[in-house]
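Following this line, the structures themselves.
Consider the two complexes below, in which chain A is the common component and chain B and chain C are the respective partners.
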Partner chain A sequence: MSAENKKTKFKSKSRRERVSRIIIYVFLTLLCLIWMIPFFYLIFQAFRGESKSMVTYVFPKEWSLNNFKILFNDTNFLSWYKNTLIIALFNAVLQTVIVLSVAYALSRMRFKGRKLLMNFMLILGMFPGFLSMIATYFILKLIGLTSENAVPGLILIYAASSGMGYYIAKGFFDTIPKSLDEAARIDGASRSRVFFRIIMPMAKPIIIYTIMMAFIAPWGDFMYASLISFGHEEAYNVAVGLYKWLDKEHINNYFTVFCAGGLFVSVPVTVLFMALQRYYVEGVTGGAVKG
Partner chain B sequence: MAEVKLKNVKKQYENGFVAVHDFNLEIKDEEFIVLVGPSGCGKSTTLRMIAGLEDITGGEISIGENVVNDMEPKDRDIAMVFQNYALYPHMSVYENIAFGLRLRKVPSKEIHQKVLDAAEILGITDLLGRKPKQLSGGQRQRVAIGRAIVRVPKVFLMDEPLSNLDAKLRNQMRAEIILLREKIRTTFIYVTHDQTEAMTLGDRIVIMKDGYVMQVGTPQELFNHPANLFVAGFIGTPQMNFFEARLDEEDGSYTADIEGYKVKVPQYICDELNKLETVPTRVQLGARPENLILDPTGENGIKATIRVTEMMGSEIHIHADCADGKSVILKVQIADLSDEEQIQLLAKKDISFTIRERTINLFSNTDGRNLAVPDAVPVPQEKNKLVYDGSEDADNKKKRNDQ
Partner chain C sequence: MKQMTELDYLGLPPAKKKLYSIGRFFAAIPGWLLNLLKKIPQGFKKFFCGIGRFFKGIGTIFKEGDFKTRLSFIIMGFGQFFRRQIGRGIIFLFMEAVFIYYMVCFGFGYLKDMGTLGTEAVTKTLNKYGLEVLTYKDNSLKILLYGVLTIFIIIGFIWTWVINIRQNALAQKLIEEGVRPKSFKQDVKSLGDEQYYKTLLAVPLLGIVIFTVIPIFFMILIAFTNYDYSHLPPEKLFGWVGFENFRTMLATDVSGSSKFSFTFREILIWTMIWALVATFSNYFLGMFIAICINKKGIKFKKVFRTILVMTIAVPQFVSLLLVSKMFADEGIVNSILQKLSIISDKIGFMTTPTLAKIMVLVINLWVGIPYLMLITTGVLMNIPADLYESAKIDGASGIKQFTKITLPYMLFVTGPYLLTSFTANINNFNVIYLLTAGAPKTMAYEGGAGQTDLLITWLYTLTMTNNDYKMAAVIGILVFLVVAVISLIVYNLSPAMKNEEDFQ
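Moving on to the complex of A and B:
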């Protein structure tokens, strides 16, 4: 009798669990679908052949590559794309070097004003970047890095402020035991050698993370890019260029081309992520110190 | 292969906490020195100052002929083994050991030979191709030692190298360090909080408390003639027993009176007492548990009631309370007792014991100094705690954690 009771209890519990799981999965699937809708919408519109204006339906009536032809042959898209790629590549290198150096220094070295500096950067980071936009613009204008020279100007802006994004990397370096640095210093390594030979190989996940973030950011920057390029179309990045097609006068002729452009923008970011994600997942500190 | 001298070395952190006060020590060439003390006593800080990993606030450290105060660790020609091994996780065992030599631009043929030799000494030749994460704790510690010995440094520093190993492995590695020392004749400075390691490894031991050096001496000196109450309590397990005693003088000889039980003070202590300007009348008499002798009649000596008996295999530890409520510990060798006597002893409630007179030490009641050790250091008073009780000062710990 009691055994039977137990069995029933056990069964009912498992049924309740199963039901709650089903509800959770249905909810998550719905969320996923809602999240995916804009992506699929973009893809469908990019391949729509019947008209170039905005329409109220999702699935194209006629599939075509015409939008891509227009994108590459009749617009400045390739030049915007090149601008953005150049900025992104430079940014990926410069920002990674700067962020990792700042983070390592703040994690390992003890100097006067270190905490003050960290707090200052934290508070400064709370103000939106565009507050300083006008001042930055005039400084760049003085040294001739605006309008048609917006690309080097933007590279400079991104690099200059990148050190402030040290938190995550510093958090990572803080988890690498200091005794490894000390062991290497006693073994005969200088500070820079410790950084490049010992810490960097262990910091792959954070290097990859920093590269990805630095590479991705310029593709979506609109405010600075539009201000610094100041109407010079050849100096636009993709975000500024594509957004122009959403103006009242362009949207009916360029909407599907805009979608095709949007699709292309996601390519380098996706490729980079796919290529680097395996390094991103797991650290390599196993066995360094007593766990 | 060098002498190490520390002159008035001091370490004070920015928040004002003094980790090491006026540390003076001359370490001879090829000597094995052990720094020992409870957590927070400044022993690791001292070692790290010698290594160059911590700046010194005052004083002078020299290795061989060179004053190294402002010298980078890499230029001091030292090697260090860390408590947590600190192996480079992305390098193989071979590369870990070879790293220091590569940085010193040693020809690769020579590196290869040296790595093989070091691996041979430590018995890790089979592991050379592995990564640290594929090794056990003991193997990792061997690699860490290998990395240090391969360079044949002037000074070999070890910061609690065995603390992370289990008891069995620790004993084994301790023996190996003694053997290693025979093979590599160089100066060793070894930090530990484990008194067994200190006693078995050190030529001389430096005992520290709250940043002060309490005593420097050979293991025998420290054990038989501790300079103060702290050292007496820290060295030896179970801890030394202390009794309140009154000193009575008669013709230059002294007798210590513990609640009516009289102990004749050994002549060498009497000689030292006679040199003092004023001989205190109340003192602390220290006697180690093995020097309290059970009286078979149960009549003579100090009477006590047994609280707990611990059977340790080769000996029995008796925890007892004296008539005045004071706890004492007696260590009785089992080999001295027949089975019947053992059973009787374990069943006993009331005992009495005498003290082996020639082994006693007398300590000042005011500053804890051993009255028979000239120039003994008083126990730092600010903590109001003369005898080591195994606890770390909470205040001390907090200050350290603030760093």
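Moving on to the complex of A and C:
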């Protein structure tokens, strides 16, 4: 093989590489465009000044903040927002405490019935969540935590059922070497001390992940919230409240207001998510790999 | 298939090798299933042996116990009082007192009513002005709920009773050996140490029992009643009907008056197709995109990733509701296509049955690909680079590298995730409900179901709009069975799921 021949071959390969790279760039850019379309659409609709119904064009003819004015002054949106925020804050605290305790106990301690308990929770998780919700509704009704008191009711049931979502946190604890615990215990530290002084400081990523997921989940919950707050508009969360505006009766007067509300809900949640994205990726990839 | 020796196998041409291994895979399936079947009687045997041992254990405690232990069988905490464990004794005695008080005053009454679920819903009496007055008497729903609560209280009490007896036996043994049983102070202290798991798990488990276990038990019972729109308490009563609801739902005779069995079958098939296609399309496309982004020499990796991840961050009820409106008959997509004169008539993206099904699957890609991209990116980074290096030296093409290295590695590592996402897709409420709410509706279906309804969204419609609780409960149980069977098979097939300790 002559030197020249070799050179052309090398060149052709790099050209092929370049072409494939360009194809990939085009593909990814296209993909990102497709992924962004709904969000741009949301923004355009939220700031549209004319006509509150759906229209046949994308770009608004008149930009205005009118939709937000309607949202805050003429609707219950602020009370929905407040409800959701309260639920999310409480949930972030309670769920994190519960998930971390369950995960630590199941990851670090060996006791009779541990395996049984884990299998039991696995089987419980196979029942569709909404099935138990109907009965939960009646139980909550007995203690008077439905309709107008839906907010504490929802906090209670989110927290109560969160113990079953321990998998990702347990997977994380499993990766922390056990010799650390043992060393501390030989030095006379009790289990609770080990938990608070040794494991907790090391578990910062998973704590942030758990808090983040617990805070974000209530913003998107429609199924439970619609059942528990059924028939009492003041107690809705944002998802249930905004959903109503897109049915046949309301959509012509509320479509752009819905978009404004959606934007107002999405922006803080998205910013939080993006800021803590690293922890989310760690949690979700670790959880998927460990199963 | 005949077993081959290693040497024979290595001697085969590559194509035949592949055929052979595929054949062996399928030939092994009956064996796995058989093993699974064998495990079921073993499980039962283990279960009954366990029960037998349990009673035997209590029997021996009674036989070998002194009078303190024996008396504790009736008066809980008695033994503890006389063994200087006064704290424990008080707790046990208190629990027994509360239990007896509850059972005498309420419990027995509730249990008695459980048999009939009430006999008279409303009584009409004439008041002193001669007008009819309605008084609500039996409320089947409350009777059932209180009955279930009572059953769980009894179970809880039996459990504490057993603990009480075992502790007595243990303390007796310790005293005989000359060791002092733990004082109350030591007990409390050990809750932060050796028994720390009790402290950690108490509240979470209580929550799970009250708000998950009891409700599920309650709904399983509902499936055996006729609780629906024509039997709504407090005006009406409902009662036990045995397996009738299951018969309606699973009837093979489709021509009957009720179309429930037909609807169920159709929706089950669609649910399975949905779960399969949604899981695997997301998986492979997500992996493909992750590979594209992570390819050497591609810049702006972070930008691409961040834009895709946006869909996870924005609450689904905003993004999915908006997308569903974009594809509505009057939506922006139809308008634009019409303006560009690509189509003349509106396309019923969400209103024609087949197209609607395809649309929810496609839109689900928009939702699901970012997750898979994140997960697969993580795993791809972990594939040892020297595998690719040596493959390159051997002259393997990009495609070959993918099928021989990347794909097997990915499937191996993310196998468990595939299972969980499959079962999660069976119960994927948000995507279907927010996009179509089950529409397009059809008269061929019973119970307000539509063409894109999954079992879980049908369950929702049945309870929220049709008040057909009995059928909803039946569906819930059937969904559980489907998910449980699939998980059981996959768990038994995949070795990685069995040994959690292997990772440590």
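Brief remarks follow.
Operating definition for what follows: the second predicted complex is superposed on the first by the 271 of 291 C-alpha atoms of A that agree within 3 Å, B and C clash if a C-alpha of one lies under 4 Å from a C-alpha of the other, contacts with A are read in each partner's own complex, and residues count from 1 in each chain.
The rule is short, and it goes like this: a residue touches a chain if its C-beta (ideal position, glycine included) is under 8 Å from a C-beta of that chain, and two chains touch if they have at least 3 such contacts.
Please read these numbers as outputs of a predicted model, since none were measured by experiment.
In the overlay built on the shared chain, the residue A:Arg21 is in contact with chain C alone; chain B does not reach it.
Of the two partner chains placed by the overlay, only chain C lies in contact with A:Met223; chain B stays clear of it. Shared-chain residue A:Ile198: touches chain B; no touch with chain C. In the superposition on chain A, contact is made by A:Ser190 with both chain B and chain C. The partner that reaches more residues of chain A, of the two candidates chain B and chain C, is C.
When both complexes are overlaid on chain A, the residue A:Pro128 reaches chain C alone and has no touch with chain B.
By the document's definition of touching, of the two partners only chain B reaches A:Glu182; chain C does not. In the superposition on chain A, contact is made by A:Met274 with chain C only, not with chain B. In the superposition on chain A, the residues of chain A contacting both chain B and chain C are 190, 193, 284-286, 288-290. Against chain B, the residues of chain A that register as touching in their complex are 177, 179-180, 182-190, 193, 198, 201-202, 284-290. Residues 17, 21, 24-25, 27-28, 31-32, 34-36, 38-39, 41-42, 54-58, 98, 101-102, 104-105, 109, 111, 117, 121-124, 126-136, 138-139, 142, 156-157, 159-164, 174-175, 178, 190-193, 195, 216, 219-220, 222-223, 226-227, 230, 238-239, 242-243, 246, 251, 255, 258-259, 262-263, 265-266, 269-270, 273-274, 277, 280-281, 284-286, 288-291 of chain A are the ones that touch chain C when the two sit in their complex.
Of all the residues in chain B, the ones that touch chain A in their complex are 51-53, 72-74, 78-80, 82-90, 99-100, 103-104, 131-135, 137, 140, 147, 151, 164. Residue ranges of chain C in contact with chain A, taken from their complex: 141, 145, 192-194, 196-197, 199-201, 203-205, 207-208, 210-216, 218-219, 222, 289, 292-293, 295, 297-298, 303-304, 306-319, 321-323, 325-326, 328, 330-332, 335-336, 338-339, 366, 370-371, 374-375, 377-379, 413-417, 419-420, 423, 427, 429-430, 433-434, 455-456, 459-460, 463-464, 469, 472-473, 476-477, 479-480, 483-484, 487, 496-497, 500, 503-504.
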